[in-house]
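Starting off with a structure, shown below.
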Amino acid sequence: MDQKKLEALRKKYKDQDYHEVDDPEFQKAMLDASDMLSGIATLLDAPYRDDLEGLDIALIGVPFDSGVVHRTGARFRPRAIRDISMAVGPFNHQTRINPDSLCAIADIGDVPLHGFSLEEGIQTIEEYFHKVIDAGVIPISAGGDHSVTYPIMKAVGRDKPVGMVHIDAHCDTMGAFEDHKFHHGGPFRHAVLDGVLDPERCVQIGIRGAAEVFWEFSHESGMTVIPVQDFHNMGVDAVISKTREVIGDGPTYITFDVDGLDPVYAPGTGTPEIGGLSTADAIQLLRGLRGLNFVGGDLVEVAPAYDATINTAQVGKQMMFEILCLVAESRARR
Amino acid sequence: MDQKKLEALRKKYKDQDYHEVDDPEFQKAMLDASDMLSGIATLLDAPYRDDLEGLDIALIGVPFDSGVVHRTGARFRPRAIRDISMAVGPFNHQTRINPDSLCAIADIGDVPLHGFSLEEGIQTIEEYFHKVIDAGVIPISAGGDHSVTYPIMKAVGRDKPVGMVHIDAHCDTMGAFEDHKFHHGGPFRHAVLDGVLDPERCVQIGIRGAAEVFWEFSHESGMTVIPVQDFHNMGVDAVISKTREVIGDGPTYITFDVDGLDPVYAPGTGTPEIGGLSTADAIQLLRGLRGLNFVGGDLVEVAPAYDATINTAQVGKQMMFEILCLVAESRARR
Amino acid sequence: MDQKKLEALRKKYKDQDYHEVDDPEFQKAMLDASDMLSGIATLLDAPYRDDLEGLDIALIGVPFDSGVVHRTGARFRPRAIRDISMAVGPFNHQTRINPDSLCAIADIGDVPLHGFSLEEGIQTIEEYFHKVIDAGVIPISAGGDHSVTYPIMKAVGRDKPVGMVHIDAHCDTMGAFEDHKFHHGGPFRHAVLDGVLDPERCVQIGIRGAAEVFWEFSHESGMTVIPVQDFHNMGVDAVISKTREVIGDGPTYITFDVDGLDPVYAPGTGTPEIGGLSTADAIQLLRGLRGLNFVGGDLVEVAPAYDATINTAQVGKQMMFEILCLVAESRARR
Amino acid sequence: MDQKKLEALRKKYKDQDYHEVDDPEFQKAMLDASDMLSGIATLLDAPYRDDLEGLDIALIGVPFDSGVVHRTGARFRPRAIRDISMAVGPFNHQTRINPDSLCAIADIGDVPLHGFSLEEGIQTIEEYFHKVIDAGVIPISAGGDHSVTYPIMKAVGRDKPVGMVHIDAHCDTMGAFEDHKFHHGGPFRHAVLDGVLDPERCVQIGIRGAAEVFWEFSHESGMTVIPVQDFHNMGVDAVISKTREVIGDGPTYITFDVDGLDPVYAPGTGTPEIGGLSTADAIQLLRGLRGLNFVGGDLVEVAPAYDATINTAQVGKQMMFEILCLVAESRARR
Amino acid sequence: MDQKKLEALRKKYKDQDYHEVDDPEFQKAMLDASDMLSGIATLLDAPYRDDLEGLDIALIGVPFDSGVVHRTGARFRPRAIRDISMAVGPFNHQTRINPDSLCAIADIGDVPLHGFSLEEGIQTIEEYFHKVIDAGVIPISAGGDHSVTYPIMKAVGRDKPVGMVHIDAHCDTMGAFEDHKFHHGGPFRHAVLDGVLDPERCVQIGIRGAAEVFWEFSHESGMTVIPVQDFHNMGVDAVISKTREVIGDGPTYITFDVDGLDPVYAPGTGTPEIGGLSTADAIQLLRGLRGLNFVGGDLVEVAPAYDATINTAQVGKQMMFEILCLVAESRARR
Amino acid sequence: MDQKKLEALRKKYKDQDYHEVDDPEFQKAMLDASDMLSGIATLLDAPYRDDLEGLDIALIGVPFDSGVVHRTGARFRPRAIRDISMAVGPFNHQTRINPDSLCAIADIGDVPLHGFSLEEGIQTIEEYFHKVIDAGVIPISAGGDHSVTYPIMKAVGRDKPVGMVHIDAHCDTMGAFEDHKFHHGGPFRHAVLDGVLDPERCVQIGIRGAAEVFWEFSHESGMTVIPVQDFHNMGVDAVISKTREVIGDGPTYITFDVDGLDPVYAPGTGTPEIGGLSTADAIQLLRGLRGLNFVGGDLVEVAPAYDATINTAQVGKQMMFEILCLVAESRARR
């Protein structure tokens, strides 16, 4: 480069400290980020609060895995997501969303649960989320197994059935299993039958899992199912278009089961299925959904005991941040 | 959705238990699956048998790794594949094949091997598989290092040379190494020279590894070699077409070395080579080979000691299930 | 050594193969052991059977962890113990007991359980074990969390209350927790209150855990509690004497919770407590209990997901073998 | 047991829930413990506070490892100790101390540190702890590498030199290393030379490490060094007596480097040395020091990246709890 | 295949040992490779030398991580790359480059560093590399954190500013952080301002990381930034074309931060960012840069403590080999 | 302490750098140690040499595991011991031995082995060690499985049968196994029968393993067997006395199988047996053997793939250092 330009650069940047960057939002974000390594650990490094007063969005842990048939451990997930110290956010470099500048956000702790009864747990969760909705606050949760989404939807969709963007390896619309309705393979069947989820505004993405017979309710009720091989064949852009078309502009819930990703990206989960989405796929998908009307979301099925490299928790944190960006924009638009 | 449709759904599905799904094949599969977590562990959750009587397909462990130059441990692989409790099958959701409905299948245990001599082991394996072929049963094996495929082919191709679909990072057609012929880098040279493998009906997919000089015999003998960079450039569909064209309709053996996959999908193997196939690639490739005339298959080179996340064993189980689907359809067509 | 003696040794041993060792029991044991690495995996490498006919001792998996408040995963334990391929037995080099020469022993698989309800699971286990006792067979179980011992004792002690040797970090005599009686912290309270366990013939060894207030029922009911610091101070021999004195010659159950050991020996468990027994301590303790009248036993609380080195499963297998030796001698004496 | 006694037990305990245990302190502790699994993670599960108002004891993280020559990572330690969800406390079952009933205790977060300069970090820590001492609060810290104890002592011993109970594999009284004074091998040399630590009231326990030449300053200044082989030969009781004799009743600091333990108990540390104390040894040692006049303490050198089984973090939590018990009793006596 | 052709194959290949392959370069390479498993471990299995005499290319370890804000450990990286025993090279099967036949190459050990001061370390590295350049030897380094590239460039670009191919998740052109200039987030700002790096001949590939505000200097100074989403959209071939166009034929340095890859391929790094390049992408990219004029290179930010599967070290070794191939061709052309 | 004494300390030590410690041997050792973290990795950080000229003691890797029946991997052991960067030595703090000041010591690399044939490997090792003995150099080896000690003894004991200190879980005096003599369970039978090992001067310490029938040859030939329960009962001092008495002052070989230790100290081994020696026991045992006439030694059976915490390799390095201290003193006395 020519010497003059170099001199200009030197003049401007030599010994510039990050404190001198002329951007107040950046300064605030850096200040927050400087606490990243130290102090108590919270969901998405948000401030910790024990009430809902004045919040737009509450980040909530749901430490529950009584709905699991196989590898348990998702009950430790909220803690695992809190513990990840890797930097995620505070900006979204591609969409340039900075959620903290759009909404008042806090980690309000966990739903108080103990583990013995599936049915009692489901009820406790539902009651907790009704209070969040009562306060006019949008919940974004860190599960827990996927059974937690049903009682959350009971609250979120209580006034009007919601649509759903659903990333998962499984449709999760099975019936009862040995007389237990509320296991993690069936929340969306019950949400539809209870009138809180509108199946015609549902898109299920990344589905593979064992047998199409399990997908019957999804098809019968009018959900749009995009199996993983179709996802790979269509490409992310076509999946985004299809999703936007099905969802429309009604109130919409977004639920991300980490087993929708391939197990190499998210080994720490209860029922991994090979051949799933990459994280790059998933990020592009989520970023393509800006402008939809999101009224809640969750990230479920992280099981730390199977997460030797902690990649799963980091992936979970990033996906939860992407969901936060989407929800914060929706909320700010209201 | 409109209320009437919702009511119809409610009527049909409210409180439906999976026992009430009206599909006998599903009911049988679910019954089998309910044992998935408990009891003894077998290959692909098949019933355990200690004879060949009445079987169409025998699942066989070959706990042998004396052919390995580098990281050993594949001798523990049959046990590792048995141990994986993650659900694989019993249905193939994309091809809708249910092997159990097509063939009589059992795990018949392991070839009785001890580890001191490469040459003795090769002989023991060959004798064992001749008995399987004598009984008219198709073998699907869980190796072991790749040296086991040579003695298996000696039995499977004894009456007529077989063609081969071969997924691997290495051609495995090297010559002797320090006077030892039967190491895991050369089984297919010996199979061709012994007249049990027809090189003109062989496709080797995913090849990378060190040096083209090792590929000389493959080229000289007329095998079709698809290096991994060509695989990525051609795309799965073109690879399927090329493979079907080369293989034709003669009797064909399928051998899957997990190091054909990228090490992120299958770290638990002896000689990982980066830059390989994804599991999604591999699944689509295998599912694209329906209708070929498969007379045997194996999955080799899983080394559990290097499989911290157990992803490799799970991937191995899924790939072995895909092979079973292909073989079961072939067998049922006879 | 002098040349003549050397010549004599040479004459006797030169080129002797283990097949030539002149000891029929050894020959049989070696034959069994040669299958150690291959074939299906069973509890203590026993033969697999699916009925109780003619058995003296049944090895039974109880894959259940619904009684756990904290880290779950013990439901995978029977499989983990089966999978350990490290040699344990077939002889006990110190006591010279060879259980196979004393009794007919088999692995009869697992109690058929699914995971949603603590109460239902407890009932299923009890029913299963009544059938074992009906058949006159002694059960040795691989749990499972410690809640499984209560329903087992309901069967084993149904005719006459049993005494108990109990190695654990916790007394497990707590009351109900949030209205759930049968959690893993309280089985022995219920067993006493139901009249199947005689507290005055109970010894609890290695106790530490949180608070003495949890030990109240043990003290009130007359159990002998040996906290871990007393264990270390008394020494193994004194603990053995005390135990033999308390137990006497009535029918006795032995239950070994791996968290009785220090977590360095058994990290793979749900509620580890530092400062516990070493494996050398535990082995000497168990071997010192020969001659007591054992009518059943179990090994509980192995949680494979936390067992990175698989040491816990190996330790569990060894302890289960020591229990088998004790029980087999008791049974053979009848 | 006789029927009457059994009936009495039944009457008292049948269906008793833990809520009904008649012990208010227990009820409070159980209430606290019920949050153990959920919500944000704090040091020793203490409440989180961001000021010192009204506290007796502050638990403080010191995320610093710039003093390390070899394996770094101790900077993540406060988070690792917070994350451990295993129950430790709230009671000490042997000494029956319940710190929460004796003192007001809170986690007040971390010293704000970044990692580039050893010298700057040492200064930041010293300034932080002066404020804690100014407020009349006793600090118990979770390091960090051992270099953090020097600036902490600068505050704690500013009015009167303190004595020290020091458990470690190394004397940590070396001189400068390549012109850097404040590395983790030398804090106690500087504390003595600065007049805040009285060497004649210091006991260093468990010492082994490389070379006696590194111990010169300890000997010259009059510290009592108990190498690990002497520890094993003397036994815990004699070490306790010797320590009590040397320490007397002056103000005393207690510093516990986890590498004082054998690496099997605490692999997650920067400079492990085999042949160290067991956790049972360490617990008995600490419990034997009741009644000394403790004015501060710390636990240092946990490096989570090397802690595959998380045993080290659990051990660290337990040892920090034992230190809290000692300090809380001292504080309550004032 | 027909019998005649088979006979010809048999004649040529039956019992051929690899010693008989008629290719002297192969014979030499195999000889070298036979030492792969044994003896001391060196970078890319090169001979170890302690001087620069007669060398064309020196492989150099830079065990330094004092520039890291977050997870440290890259100081152990040179050792980790040396330790990987997996075969990489000696041939490049796709480009057919054999570096050993083109240049005299040796591992000359590590820059002598200790860890306390960022600023001192930077100076030591610069002095070391000036000596390498003085000797007319091209350096290829194994870092260390990315802060090491700045002092290396001070030497490599001292006579003429170099261009740069830079694969990374981060632009690494930040300003000072709390008054410390030389941290691992800013080496290329300083290299430009010092006139040793020509920003107009720089391409930064795979960028994602937190916030575009960090990318300001890259944009202002005229660097070409290819964020990871553009990389995925453009495809490898277009990225290669763009890179060749920007770089031209001037002297060029290549620096590969393993966090440019997705964390599933390289979990063992300090600041992983999901959504990165695959190893297949990276290999094709590097192989597409043949013919550029490379005058040095490095591979940085491998942190072995986070590399449970050792995949990261293996990936690092492969990428370092690809860089060696590029540099060796450049050197040979001079 | 009084002010005057403090002032004297200050005067002497304030700002003393380790360079100023007045002890030339220490200065040399520190210089060597400063390379510990960087550069190539060698056995016990000794200089690397490729000839025997002028050496007193050669450290030699024997990467061989073809004698193993079960978990292989010991072939990677020499590399694992080299890789351990934890400081061991250069001084022995208890015995104050500094081997480097007594003898000329170097790492001379590995015996050149490939893995296919047990018999060929045994022969290659024997030939290699004859050359070492021819040169008048004492070998200390890092195995490999225990089968390597037989061919080493063939060289070391060729002129006069040696005595043996043998720490192990197994006697390793079995006969042939399926016609293979030289497996890792029988080296000492063959060494005795070949007249290179004097059984009456052999002590086998820590023995447990499966069955006493395997110990027959040890008893018959007159070896002194100390089973692990006797070791624990006798205490270390009595074991030392007994060993010194049996060994006397003839030439003696010392062989340390890491499975003699309890698996918590050394999980990374092929055939772990619980209930073994602690590292503190083993260190005191070895240090108690000073003054015996050692003419060679080895450390065997480290299998890195099972060594998740790398504790085993560190323990191995320490034990190899203790052996070096013993041998160096013996050599210096000649």
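First chain written, first letter: the chains are A, B, C, D, E and F, and each begins at residue 1.
Here, contacts are C-beta pairs under 8 Å (C-beta built on N, C-alpha and C of every residue); 3 or more make two chains touch, one makes a residue touch a chain.
Please read these numbers as outputs of a predicted model, since none were measured by experiment.
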item: Chain labels contacting chain A and also chain E; value: B, D
item: Those chains which touch chain F and also touch chain A; value: B, C, D, E
item: Pair joined by the larger number of C-beta contacts - B-E, B-C; value: B-E
item: Taking each chain's C-alpha mean as its centre, the one farthest from chain F; value: A
item: Centroid spacing, where centroids are CA-atom means, of chain A and chain B in whole angstrom; value: 36
item: Rounded Å distance, chain A centre to chain C centre (Cα mean); value: 43
item: Rounded Å distance, chain E centre to chain F centre (Cα mean); value: 38
item: Chain D, residues touching no fewer than two other chains; value: 37, 69, 75-76, 85, 114, 177-178, 264, 306, 308-309
item: Arrangement of touching chains [line / ring / star / complete / other]; value: other
item: Interchain contacts (touch definition) - all pairs; value: A-B, A-C, A-D, A-E, B-C, B-E, B-F, C-D, C-F, D-E, D-F, E-F
item: Contact set on chain A toward chain D in their complex; value: 34-35, 37-42, 48, 61, 63, 75-76, 78-79, 82-83, 85, 107, 109-114
item: Chain D-facing residues of chain F, complex; value: 1, 5-6, 9-10, 12-18, 20-21, 23, 26, 29, 33, 36-37, 85-87, 89-91, 93-94, 96, 264-265, 278-280, 283-284, 308-309, 311, 314-315, 318
item: Contact footprint of chain B on chain A as seen in their complex; value: 69-70, 161, 174-179, 181, 189, 192-193, 195, 198-200, 208-213, 216-217, 220-222, 227-229, 232, 262-264, 267, 271-272, 274-276, 306, 308-309
item: In the complex, chain F residues that touch chain B; value: 65-69, 71-73, 75-76, 114-118, 177-178, 180, 183, 305-306
